[in-house]
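Next up, some structures in structure tokens.
In the two complexes that follow, chain A is the common piece, with chain B as its partner first and chain C second.
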Partner chain A sequence: MPYYDEIELGDEIGPVEKVATDDEVSSFCEVWGTSSPNRFTDAETAAKSGMKGGPIVPGIMTMAMMAQLLTDWGGPGSIKDLDLVFRQPVPHNRALTLAATITDIREEDGENLAECDILMTGTEGERYIGGKAIVTLQSR
Partner chain B sequence: MAMEIEYDRSLYGVEHKAGPFEISDYTIDRANQSTGELGPAFTSDEGAKAAGYKGRIAPPTLCCILVRQVALPDVKVQFGKTSMHAGQRVEPKAPVYAGDRLTASSHLKDVYAKTGRSGTMVFVVWETTFSNQDGQIVAEVQESFARRE
Partner chain C sequence: MYLDMHSHSVSSDDSRATVEQYVKWIQVLRKRGHIVDGIVLTEHRKFDFDKNYSDLASQYDVLILKGSELDTRYGHFLVYGVTKQLTEAIDFGDTRMDSRELMKAARQYDAFALPAHPGRFGIGLTDYISQGETFEDVSIVERFNGGSRPGENERADELCESHGLLGIGGSDAHLTSHIATCMTNFNTTIRKEGDVVDALLSKDFHPVWLKDTINGASPT
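Entry: the complex of A and B
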């Protein structure tokens, strides 16, 4: 995990590549308590909801993936704020690239903060999810 | 001039409660398995203690999973036909430990219109506060739903 005084503006977190498989989405929907059939696991329901590419990954599941990018980097309790916009439906079984860029570094109320732009993209340049995150880091 | 949106404004100031949610090792295990979470602090007491916690903690988006269990009323927005999950925000305030009992309290935060290249959309934003058995706030979650023309 990086220390606050080791990071600089423009530093990148990741990228890491992930895939949300059919089985993982089904498992997530069970934990989430989503009723079936739904547009996340059922092709017909997804089509009726206007999803041309088949069932989609729940936004909250993609949020968990984005959070992992940050906690793997900054530590398990490092997220102070994660604010995401779901721009496009995220497909199952496709490579997803997650990355963040540090846009601000500051000390505030005794905390060392790194603010980041965070993005999930696809292999064809799709910008599935974008947003901002604030991560707290320790000093050396 | 701002667009006038018709919806049920009487919902402002009303809190919708849910819980308690028992956060067991099983709950955390299932959340981890379904999202591929392998972080040591989220998967074992030992890993959490090595990171300075008193025991195993839940991943920071667990409350985002639980938030859908709050029964929210229809805001009755008179705009558009389809609704989609437009965004989500979480601000973790304190660790959630295995063994905690959480309660949730949600209220309507905002309804607003935004016009962009793809037309006008109306956003409905709900804000939920999660507290533990000691009354300590552990997370604030915002969910945003958009209705399109």
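Entry: the complex of A and C
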């Protein structure tokens, strides 16, 4: 895990490639306890909700994927803030690229903070989710 | 000079970048050898008369100008040199306004309106032209848009070539690290919002990608 003293503006976190498969979405919905049928696992319900490309990945699951990118880098419990804008539905079984860029580094109220832009994109240039995150880091 | 003609700060509901973060990031770009002289904040459906960024501008040596990006029934339009009279004549929050009336009103009140990301699938000007709409007052469009998906800037290129239009560039940044990904290179000096209008009317500019500003290199 990086120390606060080691990072610089413009440092990249990732990119990491992920795929949210049908099975993973189903498992997530089961654990989450959402009622069925739903637009995340059922094609017909998704179509009725206006999702032309089939069932979608739940927003809260994509948020968890983004969070994992950050905790894999900064360590468990390092996320102080995660503020995302969901720009378009995320499809199942497609390659997703998750990446973040450090845009600000500061000490605030005794904490070492790294602020990042964070993005989930697709192989065709789709920008599914964008936002910013604040991660706390230890000093050396 | 190189200006990013299209950017959104947290004053727009879907942006997560502050103006201070943008100007700090521009210092990062400059350290990497890029030339970025300024930005135009084109907030969605509004004009921030009350916001003053002069302290930030002088602290970071970045020109910070204000404009607007308005939703119209024919797609999004960027407005430069916004005046009080224009905001009294046009309801900036009216998402069904006719962009042709906006363009006329803008010129009447010393401003300039032009289509943003005209190649955008579904809401770009190219789609409306394909549907038979005509836009006689359009002479400049946003040819390079940093938020475009593959194919959209190419459609803007084709529009410029087929209709003899001039092009500007803007990042359409909503996140800090996206600022200045594309810009407009003006051959005139710009210090305030009204100068942008004069510079557009001069026709002496062209769009550039950030990578093409390294050490000041810029294709014409």
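Note that the second predicted complex is superposed on the first by the 140 of 140 C-alpha atoms of A that agree within 3 Å, B and C clash if a C-alpha of one lies under 4 Å from a C-alpha of the other, contacts with A are read in each partner's own complex, and residues count from 1 in each chain.
As a convention for this text, contacts are C-beta pairs under 8 Å (C-beta built on N, C-alpha and C of every residue); 3 or more make two chains touch, one makes a residue touch a chain.
Please read these numbers as outputs of a predicted model, since none were measured by experiment.
When the two complexes are overlaid on their common chain A, residue A:Leu9 makes contact with chain C while staying clear of chain B. In the superposition on chain A, contact of A:Glu30 is made with chain B only, not with chain C.
In the superposed pair of complexes, A:Asp22 makes contact with neither chain B nor chain C. In the superposed model, A:Glu107 lies in contact with neither chain B nor chain C. Once chain A of one complex is fitted onto chain A of the other, the partner contacts of A:Glu124 are limited to chain C, with no touch recorded for chain B. Set against each other, chain B and chain C touch different numbers of residues in chain A, with B touching more. Look at A:Asp83: by the touch rule set out above, it reaches both chain B and chain C. Residues 83, 85, 131 of chain A touch chain B in one complex and chain C in the other. Partner chain A is touched in their complex by these residues of chain C: 14, 16-17, 21, 24-25, 28, 32, 147, 149-150, 174-178.
Taken together, the chain B residues at the contact with chain A in this complex read 30-31, 33-37, 39-42, 48, 51, 53, 57, 59-61, 64-65, 68-69, 82, 84-92, 95, 142. The residues of chain A lying in touch with chain B in their complex are 18, 24, 27-28, 30-34, 49-50, 58-61, 63-65, 67-68, 71-72, 75-77, 79-86, 131.
Chain A meets chain C in the complex at residues 9-10, 83, 85, 101, 103-104, 115, 117, 119, 124-127, 130-132.
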